[in-house]
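Next, two complexes with chain A in common: one pairs it with chain B, the other with chain C.
What follows is the complex of A and B.
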């Protein structure tokens, strides 16, 4: 799949499938679906503008659109909230963007078997506003909670702030319907029962279709887990005079065994220095606050209150100083909505410039965090030495295990980029830095991405190295399920699956 | 009805907090205007608008707490009860 073939007759057929009000070929509809918040070469924006956008309302319409795309050999790129931090929803070969935002209905609420069935375009915050009336919630809580959509969470195999307590997207989505790259509709889960959480029947296909970044189909319906709405929330932020102490305390807190513990986050010195510039919670902190560890708990009041006492004691015993209710509660509440944070960066002379937030993520084991941190900051410092448009905004490490918040950590380095100043030289240097960051992760026994996906330019080059023999299986799966390379072509190096021609 | 008040329009003079931050209102910090000169200009905000933004932020955070749980447990209260 190398060229687009979206001609007027194709658009007429799309209108016949989706209706005249749901097919958009105008410039603004297309330009606005060219990028996501992930690192993006804005100076090459035009290369990623799709030819046409459709907003279907049924699974059958999506199936027909995909079948049409196969007939005409047109790329199809699925898009949900467009909030991803890798480039899954960015068209690399133009084509048809299938935007699922109009499919945002709750189809069934089952309070007996504790599930809710939804369309993929629903947002978790809006869903939970409805679920709360029934004493339950769907606890998938990314930093984009108010704006990301269920379909994108599945396509990304997303990570949740409170996954240590409730699990991540892969644990919370029980089953789902998906349009395959050839247009067939199938249902995947643990076995065949749509509301079954655990089965030993057949292959575990649910996980195959989690995190494929739009390369294996389009989700059209999903059955989600319900949990009791928490009676109580507790957040505690601790300060530390140095990284070593904070890192050890993080490990102790995460391994506490407290069942209500939803997450533990370690902010390093670079992150604190960044926050001291602009964040009202950190500006007034004394100089000996060099690192911070944030914790949060959810559950019944009878569980959370004694658990919180234990957590406070562990924090204190491991060298932390409680930062108080205002910062703990206020900062924690803001973590559910990081996309609303206005951002600006600094040049090295201190002058403020408009910068976009980019973060490189990885899964890193606790023992490796200190070494990875040093190497990642060195990479970004070298980048900043060459180009003034990059600004190191620090790192955090966040408990990554589902239900068991210990072992490995979602590790991120946040980098501000003055995107308007990007050119090919700076972009190439950025891509090289991203590749170097990924190489460090692999060298330390980690994974390139815990949260965003690993198909971004740069680090994607190392996916075959990370997966080893699994990479060959991945290519075979792609080729079998998508013989014409229709679904999101160019992503994840999967063109390699077709190097000897279409199957 | 309350009419025009100059105090609601004009922010107080800033006092320096550190090398890069100044402060005009309690708990409200702003970037040193000298650092927002070359590439990115600082906006002039009337005092009432700053207060509106800050109040909205607190409302948003309170809403988020109430969205996720019925109550918020206070660490300060737990610690004082332990002492």
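What follows is the complex of A and C.
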């Protein structure tokens, strides 16, 4: 699949499928659907502009669009919120962008079997505005909670800030309907029942169709988990004089066995230094505060109140100083917004410049965190030595397990990039740094990505190494399900699946 | 779900004719370069983030679900123009899709978290106005807006549709018939076009309230449109002509203080006029609802007649989101005896709008109707019989949608309610 042929007859057919109001070929519609917040080569924006955009309103329309794309061999790129931190929704070979935002309805609320059935274009905050009237919520809570959409959460297999208590996207999506790369509509879940959480019938296909970054289809409907709206919330922030103490305390808190513990977050010294330097929302702390650990609990009052006492004791016993109610409650709530905070950075001479925030994420086991942290900061420091446009904004480590917040951590390093000054040489150095960061994760027994996806330039080169024999299976699956390489071609090195000619 | 708009005929990735009519070649690159230079850093601040927290609070985006109608796109377009990927002709029509409500600015992380540190805040509303002005400068006109502004220039007031009185200078003060109001004086009551020609009960209530409270005031000798709508539609020079006239008229009668009840006028007089006239502009601008709260608080206006209604309050966008004014209208409503007030907090209302602002009803009446319908539904969910607004422009589309319901919801202006309670109704 190389040349794209989106001609007037193709557009006429798309209009026939989606209706005249929902097909857009004007420049603005296309240019504005070329990127996501992931590191984006702004100087090469033009290469990613799709040929045409459709906003379908039904699963059947999407199915027909994909069948048409197969007939004409035109790439299809699914797009939900376009808020991803890897480039799943960025077209690599133009083609048709299938934007699902118009499909944002709640189809069924089942308070008895505790499910809500939605279309993929709905946002979690908007969904919860409706659900909370009934005393329930859908607890998928990424940093992009106010803007990301359910379809994209499934396509990336997202991570939730409170996953240690409620699970992550893959645990919260019970089943879904998906248009396969050849256009057929199927339902996948645990077994066949749409509201069944656990089944051992057949292969576990639900996981196969999550986190594929749009390379295996487009979700058109999903059945989601409902949980009681938490009666009580407790947040605690602790400060530490050094990383070693904070890291050990993080492990102790995460392994406490407190069932209401939703997450533990470790801020390293670089992160604290960055917040001190440039974050308006940072509440000043004494200089000997070098690291911070944040925790949060959710549940019934009967569980959370005594649990909180235990949590505070563990924090203090392991060297933490409680930062007080005001900071704990306020800062925890604003964690959602920290996602988009660092919009400016500094050159090494202290000059403030507009910088984009880029976040490299990995899954790293607790024992490996200190070593990975040193190596990652070294990589970014070397990058900054060569190019003034890069700025190290520090690291977070978040508990990564579902329902059991221990074991491995979503580990991220935040890097500011002055994109206005980006050129090919700096971009190539950045891509190399990303590859180096990924290599460290693999060398320490981790995984390249905990939640963003690993299909970006640089790190994607190491996916075969991380997956080993699984990579060969992945290619076979791709080729069987998408014989013409229609769905989001060029992503995840999956062109390799077709190297010995078309099937 | 209202249908989205297809900007123009799809032609498969080749260049298209720009939307709307053009009266000259859009090859005037100096204008674009100046616009890009002015907005490029603000645009990058958004582009760098790209996280779109603004999206689900945007009243237009909530309906169209189209990314080109988002504040993100409005900023990214500037970057794309700098890169030569887009021209103003490509995007002029997109910028129609904004009511100027300001919700996106409040929800923007740039405003929320870095504003104080960097002395920066996101100004999407101003960016949209600037892009619309650039389009007009380059000869790209939206037909409805062009007609509207031309008619306003001709008649000196907006061509308010379906008004109770014909729009012309001769009738601009007909609303005040029988009230025996003087012309001129230190304090002027400014009546906006929608109030003067359509919902005349609002200015009548305003005048009667002021008289009852013993506030001395007069009317202008010759009141023209405030110019705000022309400015919002991109016709800045026209807007300045209106502004010049009004300011001259104020000076001619020795006015020092201008009272306005319409939030759109309030924006014009506190933001646009100072930018046009600089230090020369030294009038005190008083927002009616704030004065009203004070009059009631001080006992100068007594609300004695019970109003037997179950109401909720619609936060006027330009008060709540643009000016942070949400307490005074609530204070006034709570002072009305007999009323049951079911409030929705002003932050929740960041995502509410009537759809009546920013010229949207002229170019996209379908969207205004749908935005209003949703706003009325939100009120209906509270089991109220009345939706109270403090923005006369919002009241027309909201009234229309409220009346369409099987179980109708009446829309009243806050001043109309107060007039009822003070025994001042016509």
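FYI, the second predicted complex is superposed on the first by the 494 of 503 C-alpha atoms of A that agree within 3 Å, B and C clash if a C-alpha of one lies under 4 Å from a C-alpha of the other, contacts with A are read in each partner's own complex, and residues count from 1 in each chain.
We take it that a contact is a pair of C-beta atoms (placed from the backbone, for glycine too) under 8 Å apart; a residue touches a chain by one contact, two chains touch by 3 or more.
Since we're looking at a predicted model, the values are computed, not measured.
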| item | value |
| --- | --- |
| Partner chain in contact with A:283 - chain B first, chain C second, else both or neither | first |
| Which of chain B and chain C A:330 touches, first, second, both or neither | first |
| Touched partner set for A:298, first chain B, second chain C, both or neither | first |
| Partner chain(s) touched by A:351 [first = chain B, second = chain C, both, neither] | first |
| Superposition-derived comparison: chain B or chain C, residues of chain A touched | C |
| First, second, both or neither for A:312, with chain B first and chain C second | first |
| A:230 touches, of chain B and chain C: first, second, both or neither? | first |
| Partner chain in contact with A:125 - chain B first, chain C second, else both or neither | both |
| Chain B versus chain C as contact partner of A:272, first or second or both or neither | neither |
| Chain B versus chain C as contact partner of A:415, first or second or both or neither | neither |
| Set intersection of chain A contacts, chain C complex versus chain B complex | 125, 278, 280, 337, 344, 352, 354 |
| Chain A residues touching chain B - in the complex, by the definition given at the top | 125, 128-129, 132, 137, 229-236, 276-278, 280, 283-284, 297-298, 301, 304-305, 308-309, 312, 322, 324-325, 328-330, 333-334, 336-337, 344, 346-347, 350-354 |
| Footprint of chain A on chain B - complex, ascending | 17-18, 20-21, 27-29, 31, 35-40, 60-62, 64-65, 67-76, 78-79, 82 |
| Residue ranges of chain A touching chain C (in the complex, touch as defined) | 6-8, 10-11, 15, 20-33, 35-37, 42-43, 45-46, 49, 51-52, 55, 57, 81-83, 94, 99, 101-102, 104, 121, 123, 125-126, 144, 146-147, 278-281, 337, 339-341, 343-344, 352, 354-357, 419-420 |
| Touching residues on chain C, where the partner in the complex is chain A | 1, 3-8, 10-13, 15-16, 41, 44-45, 47-53, 55-56, 65-68, 72-73, 76-77, 79-80, 83, 85-86, 90-91, 94, 107, 109-110, 112-118 |
